[in-house]
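Listed after this line are the structures, all set down as structure tokens.
In the two complexes below, subunit A is the common chain; its partner is subunit B in one and subunit C in the other.
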Partner chain A sequence: MVRYVARKAIGWLAMIIVATNATFFLASWFLDPRSNYRELRPVRTEDQIAHALAPYGLSPRWSVVHRWWYWLSGVVLHFDWGHSPTGVPVNSEIPRRALVSGQLILLGVVASVVIGVALGVYTASRQYSLADRATQTLSVVLFNVPTVVSALGLVLAAVWLNQRVGTTVLHVAGANTAGVDGTWATILDRANHLILPTVNLTLLGYVGWHLTQRSLLLDALGADFVRTARATGLTRTQAIRRHALRASLIPTATSVAFTIPAVFTGAIITETVFGWEGMGRYFTETIAKNDVDGVVAVAAFGAVATAVGAILSDVATVVLDPRVRVS
Partner chain B sequence: MTSPTTPAGKRVLSVRDLTVTFQSERGPVEAVRGVDLDLYAGRTLALVGESGSGKSATATSIIGLLPPGARARGEVLLDGQELLGLDDRRMSAVRGRRVGMVFQDPLSALTPIFAVGRQVADAVRVHSKVSKQAAWRRAVELLDLVGIPRPQLRARDFPHQFSGGMRQRVVIALAIANDPDLIIADEPTTALDVTVQAQILEVLEVAKAETGAAVLLITHDLGVVAGHADEVAVMYAGRVVERAEVGELFATPAMPYTLGLLGSVPSPEATRRLPLVPIEGEPPAPSQRPAGCPFAPRCPLVRDDCRDKEPALTEIRQRHDVACVRAADVLGRRPEDVFARAEEPAVAPAPAAGPVLRVNGLGRTFPVTKGAVLRRRVGTLQAVSGVSFSIRAGETFCLVGESGSGKTTTLLEILRLRPPESGTVEVLGVDVAGLLPAPERRRLRQAVQIVMQDPQGALDPRLPVFELLAEPLRAAGYAAEATRDRVVEVLDLVGLPRDSLDRFPAAFSGGQRQRLTIARALATKPRLLVLDEPVSALDVSVQASVLNLLARLKSQLGLAYLVVAHDLAVVRHIADRIAVMYLGHIVETGGAEELFAQPRHPYTRALLSAVPIPDPERERSRERIVLRGEQRSAANLPAGCVFADRCQLRPTLATDLQELCGTRRPLLEQSGGTTVACHAV
Partner chain C sequence: MTATLPTGSLDGPLDAPPGARVDVPPPLRLGRLRLYARRFARNRSAVVGVIIFVLLVAYSVLGGLFTPWDWSRQDFLALTQPPSGSHWFGTNQGGNDIYAQSVHGLQRSLVIALSVSVLTIVIAAVVGAGAAYLGGRVERWALALIHFLLVVPSFLILALVSNRVSGDWRVLIPLLTVFGWMFTARVIWSVSTSLRERDYVLLAEFMGVSRWRIVLRHIIPHLGALLIVNFTLGIVSTVLAETSLSFLGFGVKTPDVSLGSLLADGSGTITSAPWLFAFPAGLLVLLTVSVTLIGDGLRDALDPTSMVGGRA
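Up next is the complex of A and B:
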């Protein structure tokens, strides 16, 4: 098992290196850091701009290969992922933003999976009942609601509630309120800020889990081995729980592992609407600001997260399904 | 053995007036209508019928596993306890404890993610409060009882590591884990090879002896019934139409349907090949049953009053009930007296041309690989080795053998019409390995056509019949006018009405669909038809008419057939020459008559002996060779004879000959009427 994971990890590492370097060249080709200075007043000359960019290894006077080499040696020798065109170090942005995205989205993913899978299991064992039809209709409707609409809807509802009550019951923007002191106060404040975006992510996220888990379990319910299990004397509920459910959870578990990258690469729209400075927003901002180093770092981070998810998903399959042998 | 007196055992189960209703799109449909059954300890009742006759619905309603939406009414008394209407919790106390069930398809009947030992141990623990260790010990005991070698070790293996036959043994172990009073076996051997079928039926007998339970055996195979049932109930359209002791039923059937069933089974022992006696038509769909006797539309003895009222099941002789107003006229008659035997096809004049297909030294291997990312070859699976045969026009050549013997691989290699891995394939005298011009290759493609096993899957459900039949013609470059003429022609040829041209495959019954696939194969005027299990998906009474159709077409059109079939009775009926395959090798080949009359190779003998004969007296008195063990993997062929490890003859041989079997592979040599690859004959 350890050897298997190690072998997988080496394969992924090679992939990450290739993908990251390829991204560097693509980004250098499409993004022009000079434009960040062109809008400034007084107007800078090309010389001045090149001079300003040179300390960050972004000088347009250098060839692409030269810039790449500068960037690569920084990464390899000092683990320095470079700077934005205005001189903000990438290394100072990513860990902070990854944590912000992490706390926001982890909760959303966990809630989505738990609610979605539970609903899927509940409705699959009561196929075509009123509860099944009602939840399915709701899920299909939510499935078709764009994130922006649901997020803004939640904000409007929260604002209305706050006005009715006359005090801020639910925070609608940011990750925390400035100037809150004390452990408990901080925790409560942060938790309050988490509520709305988490609800939004869950509302849109649980749908997929609900519908796939429902159909996976329905497949397993009709399987011959569930009938065999009932023939040995298990009630329907017991047979579903012991035999059908576990078999039907295998595909779910592997896809849950694959959503882990999303936890750290962020949710662009939700972060934007609720004003969270997470990875999702960093991604859009770096592109908008022609921040080559930032874009490459986001890509590398995403690749690592994907690799971790893929390896976790392989491990989950091996653990859950005895038919898969690793050797 | 059966005796005409009342059974000695205690009555375990009595079913009275059982009616099962399913919900369908066309409203409620009655799958079972007023069935009465009695089962006695230590005795086997066989429930015989075709698909849709309600036999499985009867069984599942006894054990309370009807699908949701189905409702059972009537009375099911197990030792006086009413089972119908028990809720799931109380019914589950009966299931597995008092009633065990064996299912049809062992490949899907076991939970794939649990070790088999755990599944059996769980079944023990459902009903008795024993420790995990004790349950595991009991599971190993049970696996040993059902004949799983090295049960101690194998209990830890998962279902996918077992063959179909071994999995069915595990399912039987599950069914008898709590010493039930009743074992229901629903088509327990239908999905298995004949040699494995013989083993499984023996295990069922062991299980019955061990538990003293009553057995309800559901099957469509009259050979299995003849060998293993004490009493038989024949079901048709949801009702029991005839019920008797097994000897009585086979000797003097009193219902035309039973008589027809017996007549339409090809017997593996027939001395001369006559057309089968088919029952015309097909069983009625549950939603469209005729008024009166449901068999009336297919019955040659039908009278006007048959169509008015459905006859009740009445006793005509001691312990022999039948639901037929003409029972007295049927008693004592043979199938051919009642049903019109199809006309014997005129023997086609022997065409002088050379063989249609000649295969020489055909070989095919598959790599056995390991590793997920970097696949590396760790072995070679020798699927087919050195297979040679030729087929002339107007001849039927059958490949027989168990699954894994290389029959289908051989077919596929021929159908590819590409250079084989080793050996040569010649079609119409042309070597397919040569550099052929495109039109020539197209001509060969049209000359070889295939009919598949499952007509349901072989026909595109979204194409009407005309399109289905015109497709191969258009590919062959027929003009619109010629296509239309040819489509009508082949439709007539297979005996389907012309008004079916604009209907979809779903509108046809199984037998008609198989006729469609045959028509489709015939469209481009092929010289060789490759038939892969052509009737195994069909009901017994329908099989006969399709087999007769194939015989007629062969002599009418001078076709050559290459048939793969596992049902040796069917093979016996259609084959001119036969090749028996084992582990990718032909071990014996020869004329059908000679091979069935005097099989020489020990494997052929074992294979033929495993086929049950639909005659209780002979089936029970004959001596049978039951092979030990299972076919080994083709990934590591032995140096000597491929059959040596299971050979029943080898232990009786002289020591030096035994050694020869283990070291040198025998070649095919003429011996008596057939050609055999065996050192000992």
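Up next is the complex of A and C:
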């Protein structure tokens, strides 16, 4: 098992390295760090701009390969991810932001999968009941609500609630309130700020799991091996839990990895709407500010998140599927 | 749901004595399209979807005729006004009429979504079915390309490129196409692999039909239902992608407007001027929900094993 995971991890590491370096060239091609200095007054000459960018390895006088080599040696030798065109080190931004986005994405994915799969299992074993039809309709509608609309709708609802109650029940902006002291107060405050963004990611994420898990379990319920299990004397619930459910979870587990990029995209919009200073906000800011090194760091973060999800889903597949042997 | 079609055997009762005259109801024959239309029309939510979609298209094409305001014209006497008689959907901070802007934005979003979906479904069908039938090296390379495109940070590349071209909506069409066809292609590939060994394909092979002709004339038509359903799904996902990009400020940019950029305008003043957000958001949700309902209806109408569409 350890060897299997290690082999998968090495494959994904190679993928991360390729993706990150490719993003560096793409970003260098499409972003122009000089534009940050062109709008300044008094007007800078091209020489002055090149001179200002040189200490950060972004000098337009260097060839792309030269700049790439400077960036790569910084990352490999000192784990230094470079600077923004105005000289802010990327390393000073990433840890805090990665933590913020990481908890958002992790909570969003876990809550989506748990709620979606549970709903799918519940409704599949009660096909065409009222609960099944109602949740199905709700899910189809939610599936079509864009992240932007749902996030802003949540903000409206929370603001309305706060006004009705008269105090701030739910925070709609930021990851924490300034000036909150004490361990418990801080934890509670942060948890409160987490509620709405997580609800938003979950609302949009759970639907896919609900609908696919429902149809997968329905397929499994009609399979011969479930009838055999019933014939050996198991009750319907036991047959579902021990045989049908386990078989139908396998495709679900394998597809977790492929949803991480979508969750990250959702997180970009969620962070923008709720004013979180995470990787998603960093993504939009760095592109708007022509920050090559920052964009590359965001791409690396996205690739790492995908790889972690992929490895976890591989492990889940091995645990669930007796046909997959790793040793 | 009442099915009025006679479903008895078309040859008349077999146990009738030879020579006896039996009144056999004339077999009801429907053309394929008529049959699909009947099955589709039985699905009430799908019909509602079609009605909403047609109304939205009509609104985007003709809606501008009913208002004196142009989407780009500014009314400096009415800044941030709620919906009223002269500005039906209200105005924004710059005095733009939200009704006229919604018409224009919906048009943009629809044109982008429809053209991207057509392009992606064509590419996905040719690559997916071609890879499955031709096999060997073609298949390996096609699958490698699909998997590579599935894991590259496509949203980031979309944002980078569309930011650079500074908001020209026409550039979004090829961009969204390049990063939109892989998933459908993979689904089509996995379905087509089972068609490779079908008798009718083998027969065509023995008759000396060329390989690409088999892909185009024998395998892809067999996937018709799958393609149509994926086409509608493609519309929804393109609308969502375009909206997200424009909302973040990368896709369609001012002075041009799309539903996404209208939402971005409205998001800052959501509590003080909720109409800026509500109308574009409502149109957007109506658009995606109606297309999904149509897609579901088509799936049931085109799938011969589905019982949702009633009998026949």
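Note that the second predicted complex is superposed on the first by the 316 of 327 C-alpha atoms of A that agree within 3 Å, B and C clash if a C-alpha of one lies under 4 Å from a C-alpha of the other, contacts with A are read in each partner's own complex, and residues count from 1 in each chain.
The rule is simple: contacts are C-beta pairs under 8 Å (C-beta built on N, C-alpha and C of every residue); 3 or more make two chains touch, one makes a residue touch a chain.
These numbers come from a predicted model, not from an experiment.
With both structures placed on the common chain, the touch criterion links A:302 to subunit C but leaves subunit B unconnected. Contacts of A:233 after superposition: subunit B is touched, whereas subunit C is not reached. Look at A:319: by the touch rule set out above, it reaches neither subunit B nor subunit C. Looking at the superposition, the partner that touches the larger set of subunit A residues, subunit B or subunit C, turns out to be C.
In the superposition on chain A, contact is made by A:7 with subunit B only, not with subunit C. Looking at the shared chain after the overlay, A:165 reaches neither subunit B nor subunit C. Legend: residue contacts after superposition of the two complexes on their common chain; A:65 is shown touching neither subunit B nor subunit C. Applying the stated touch rule to the two superposed structures, the subunit B and subunit C interfaces on subunit A have no residue in common. By the touch rule above, subunit A contacts subunit B in their complex via residues 7-8, 11, 223-225, 227-238, 242-243, 246-247, 250, 320-323, 327. Taken together, the subunit C residues at the contact with subunit A in this complex read 150-157, 159-161, 163-164, 236, 239-240, 243-244, 247-250, 260, 263-264, 266-267, 270-271, 274, 277, 281, 284-285, 288-289, 291-292, 296. Across the complex, subunit B meets subunit A through its residues 63, 65, 88-89, 92-97, 100-101, 103, 105, 108-115, 122-123, 126-127, 158, 160, 171, 174-175, 177-178, 370, 373. Listing the residues of subunit A that touch subunit C in their complex gives 15, 19, 22-23, 26-27, 30-31, 140-141, 143-149, 152-153, 155-156, 159, 258, 261, 264-265, 268-269, 272-273, 283-284, 287-288, 295, 298-299, 302-303, 306.
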